[in-house]
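These are the structures, in structure tokens.
The following pair of complexes shares a single chain, subunit A, combined with subunit B in the former and subunit C in the latter.
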Partner chain A sequence: MANNGSNFDIRSIVDGMNHRRLGIYVFVTVFIAFFLVPLETGIMTALKSTEAINRSLPFLPPGGDGFTLANLELALEQVQRGVINSLLMALPATIINIVLASMAAYGLTLVDWRGQIGVLLLFVAGVFVPYQAVIVPLARFWTHIFPITEILSPLARLVLVEPYHLELIPLMITHVAYGIPIITVLFRSYYKSMPKSLIEAGKIDGKSVTQIYRDIVLPLSKPMFGVVFIYQFTQIYNEFLFSKVLIGSASAQQATVTLILPQIGASTSGLDYGLRMSAAFLAALPTLVLYIAFAEQFAEGLKTGGA
Partner chain B sequence: MGAITIDSLTKRFDDVVAVDDVSVEIEDGEFLVLVGPSGCGKTTTLRMVAGLETPSEGAIRFDGELVNYTVPQDRDVAMVFQDYALYPHMTVRGNLKFGLEEEPEYTDAERDERVEEVAELLDIGNLLERKPGELSGGQQQRVALGRAIVRDPEVFLMDEPLSNLDAKLRAQMRTELQQLQSQLDVTTVYVTHDQTEAMTMSDRMVVMNDGELQQVGAPLELYHEPRNRFVAEFIGEPSMNFIDGQRGTDGFESEPLDYPFDSTVESSVASLSDGDRLTLGIRPEDIELYDDAADVTEGSHTESMTVTVVEPMGNENVVHLSYDDATARGDDLIAISDGLRTIETGAELDVRIPPEAIHLFDGDTGNALHNRLLETDEQPITQ
Partner chain C sequence: MGTNETTGPSATEEGVGWQTKFRYVLNSDFVRSAPFWAVPFAIMAVAVYGGIGYNFAISLTDNNGTIEPATFSNLDFEMYFQALSDPNVIQAATHNLILLVSFTAICLVFGLFLAIMLDRQIRYKETVQMIYLLPMSLSFVVTAQLWLWMYDTDSGIINELLGLLSLGPIDFIGNPEIALWAIIFALIWQFSGYTMVVYLAGLQSIPSSQFEAGMIDGASTLRIYLRVIIPQLKASSVSAAVVLMVFALKAFTFLYAMTGRYFPPQGTDILATLMVREAWQYNNWAYSAAIATLLLLMALGVIAPYLYYQYREGSL
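What follows is the complex of A and B.
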């Protein structure tokens, strides 16, 4: 309540400032700092020369001559290959994964048939199979039982396809298979909230099960696709264990970014923190871009009761 | 072409019997209304006719052909859903055309033409490029109707299509629907819980309760000759008054009211012995209200009652009455009086229940024992 028009009323602020309120402000400020300092420290470290890192406090900005972009340039050079490999693997894997999962969820939710609960339970069980439990059989499967890389080797003669690209295929298929259960369950809960009368109207309009999916369910799942795309892409792009088992070495041509990252900046003379932080931020860039690009759909998808 | 036979139709969901042994013959071009309180199985029946549910027992025949297991798309039916079920991602044009795409006899140009034609018929021609989300409830309703009409099906199925509209629009759409139906002359099965809709629109109506068919017939037949207490209570607004009592030596006995029978009534309850439970029913509009007992000319059947509430409706007053001795309270009576007559709350009135207008129901089974006499009794009531 200002006494005379434009005057900023300090008294009302001071009056409102009791102990309780003060406590809340302090609490909030401390927490914001607690969560943001590591991120800020990372960015600062990425922009400092090695000398500056050793001399200044980690979270302070680089002073004058301590500032450098050399770390970023070097990191880009080293991490580039891994990021491209990861994108080549993760983008198709995510898209195939969510399309298949959406179809499965449609079949399990909006189409009636006997025994679907049993099949659904298999999907749910799939969510709980731990990665560690399957790595040995998985590696053997792709090398001895079904060497898909060898089977597809003629494809390497195509333009733009390098032999090492084919090495990414087992990893891609593994991610698709592993991602389907959880994404199916997410889509199912979304489809359950969809008005049943839309599907029934489609049936009465004479549409087949496939047409109803293509013409009604798929267009209406757009917000949910936004949500699961971001979620699943982040999962696959950041995954380490399968990459380690199926590709192995960071020096391999097909190495993914998660394999390359731990090697960067490591040497016998110690860790180059600046280089390492720069590489980490560059590696995280694709997921960040994705979040921004799909932010609207992401929010809508969450709002409409999906994930 | 569009005759439907429903024969001993039963539907169970696990342990719950939703529809229990319902049989109805629906003629070609007929407007049949299924009416009943929520959960009575009327929608389930409609969905079985549509092919969205499979009957547990019994048969559905279209023109004599068994369709129990025929999928909806092969039944040549169109349905209007309660929530309209318009595809939100398509324009009105897309919605109307969607079902038409599966009709092989049209070329694409003919489909467009047909869509325009139906849009004109329903007066939504100017909305064709809009999406359902941009339309008002009434407009969405029309689009939903249009989607059904555009395919020119043998049978229209409507599941409470007007229940989401406001009262005024509902009354308007009611008339429009009726006109449309008689114009298109397509067999229509219409589900509603609103007895006014059922009465005003139907050629014949089917009253259902607890999954069981209560009565089938023309609206006036059900109104004047209800087969049981449920139908009598359900049809008519305000509802029929009921007084529970028993058969006495010279008529109906109950705590608030003793009501001697005349000869016609007596003959229909002759089989009852003294002490059998009876329910007396009287429609509110048949109750006669007198300010002064001296005005009562015919016989007795008159009680003194107090007015508790008066609801003026303009053309009529709905008068709530209670018996004088409040200790012996039975059911209140509701009567309708002329709208221009002034009746004060708290007034004492002499209330006459005319014997020719009473209904009698068996107190245990609810079956009608005696229905009111009608002046037009020479001809059976049909439409």
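What follows is the complex of A and C.
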């Protein structure tokens, strides 16, 4: 019996692995290589000496004396400040952003009132507005109309941060403001799928709108908070245009990592790819780690929210 | 309260009527939900719509030079006429159009292919999906560096491989004829994981019974996909296409990060890079604002039909 059974299993596996399925797995593998090679090449190059970069194929691991950590160490020195600035800016920006957006989505989804759709339309359209359409006024806003850095400058001595960290505040607020539409849309699609009966039950219990939010909606939205945090933190950390417009120079003390990276390893004699790839790897590390740990949440945010 | 009730019937009617109305308004869901959405809405509206309006106002001035509080006199559409007759703007818009059509189309087709492949009950599906989507988690600044190295003329991987076939070397980024296509290829690498995820979600919402019914009818797998499954993915296609097209209009970071300067590789200038360069390199603020408004109008051309479609489908 046991023998028979195992024979049967093998046959079913062999049948399952017919030519067509084999073909699918070949494709799957080819595309794994396609998506990973640029990244793998970058990491391998980061670990090689300049001499080894010129000598060996880019995607091969460094052999013997070609291996060096010198590029990574040098790159770390140069991007460290940028990574810290970016994290200091992106973490609070993401948290404020998602709290505000969750409230907005609740007010626009689970509480019914007329005219809701009009307000909502403005949020959804706001998701797609190209940032180029607002950056010229944005630069003026933070320099002339609301120079918040100057207003807050007396605080610099009180807080435990470096004075130049205050310069990150306009960038942070900018990210919060322009991040609200997309995160609101994400929360709304989640709240729409929430069973209405829970809200109704809360109403019957005589709970106010605020109590329903605090006691029923918030505890149920924990997984969604995870999704939008992963998604939005990645977006803000990776963003470049606002940094360029509001901070400008890569040599500024408060420069974010995306601002610093395109300048590293460039010289008149050409690009030092070992150094540039090391810096790119270190710059990508925070979001890369986050992605590998929470790939599912990232995909979830992406498919409802858009890129 | 008591005295109020004992006054004449006519007064009561008016007073209570007004008070009840007021209380009714206060208790209405509109007012009670306002504390939740009003603040985020105000911040967003000032930033997005206030910004657009201010940008439009600047575009009507002749503002250039140092950033200074704009003086709003002599407002006219001169900058728009100038932009529409500027060969650089026309060329950038053409590049935008090429990028928009080819990038969107290839991403959709390739993403659909990947999604169907993963939907065929393969093993380690989650891991494979994670790898395909990985480029999407990286900043454009990072991926631009990776592809700069891939395309390098002297020792980049693509030219090394072409060298094995005794071809090349090809200067992918330096040659204006092919630079745009090289960049489109890199962007497809980054974005097709996104379209895949969107299509996978669409595929999972189609009951497998439909597929089985097709099999019983003796239809081939390909035929079932073409006739039964793919037509049902319309909603996924539309939302992914909108995201991709809007991205193709505003893509700036990848191009900037390729060179680290306001000038992207020759032959790849698009409106987004042109606009930023006009403002921050040449300080032609009004001119730049006008180009930004044109860019916004192009984006609206994509967004408005989409919002209307969503509204009509009741899926807003």
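Remarks
Here, the second predicted complex is superposed on the first by the 261 of 307 C-alpha atoms of A that agree within 3 Å, B and C clash if a C-alpha of one lies under 4 Å from a C-alpha of the other, contacts with A are read in each partner's own complex, and residues count from 1 in each chain.
One rule holds in what follows: a contact is a pair of C-beta atoms (placed from the backbone, for glycine too) under 8 Å apart; a residue touches a chain by one contact, two chains touch by 3 or more.
In this text, all values refer to a predicted model and were calculated from it rather than measured experimentally.
On the superposed subunit A, the positions of subunit B and subunit C stay apart, so the two partners fit side by side. When the two complexes are overlaid on their common chain A, residue A:S197 makes contact with subunit B while staying clear of subunit C. In the superposition on chain A, contact is made by A:K207 with subunit B only, not with subunit C. Seen from the C-alpha centre of subunit A, the directions to the centres of subunit B and subunit C diverge by 80°, a value given as a multiple of 10 for the model superposed on chain A. Contacts of A:I216 after superposition on the shared chain: subunit B is touched, whereas subunit C is not.
Using the contact criterion defined above for the overlaid structures, shared-chain residue A:K244 touches subunit C, although it does not reach subunit B.
Touched residues of subunit A, counted separately for subunit B and subunit C, are more numerous for C.
Minimum Cα-Cα distance between subunit B and subunit C in the superposed model: 7 Å.
Shared contact residues on subunit A (touching subunit B in one structure, subunit C in the other): 208. Contact residues on subunit A toward subunit C in their complex (touch as defined above): 21, 24-25, 27-28, 31-32, 34-39, 41-42, 45, 53-54, 57-59, 100-101, 103-104, 106-108, 111-115, 117, 119-126, 128-141, 143-144, 174, 176-178, 180-181, 184, 208-210, 213, 234, 237-241, 244-245, 248, 258, 261-263, 266, 271, 273, 276-277, 279-280, 283-284, 287-288, 290-292, 295-296, 298-299, 302-303, 306-307. Contact residues of subunit A toward subunit B in the complex are 195, 197-198, 200-208, 215-216, 219-220.
On subunit C, the positions that touch subunit A within their shared complex are 28-30, 32-41, 43-49, 51-52, 54-55, 58, 67-70, 114, 117-118, 120, 122, 126, 128-150, 152, 154-157, 160, 189, 191, 193-194, 197-198, 200-201, 239, 242-244, 246-247, 249-250, 252-253, 256-257, 259-260, 271-272, 275-276, 279-280, 285, 288-289, 292-293, 295-296, 299, 302-303, 307, 310-311, 316. Contacts from subunit B toward subunit A in the complex involve residues 50-52, 71-73, 77-79, 81-83, 85, 87-89, 98-99, 102-103, 147, 151.
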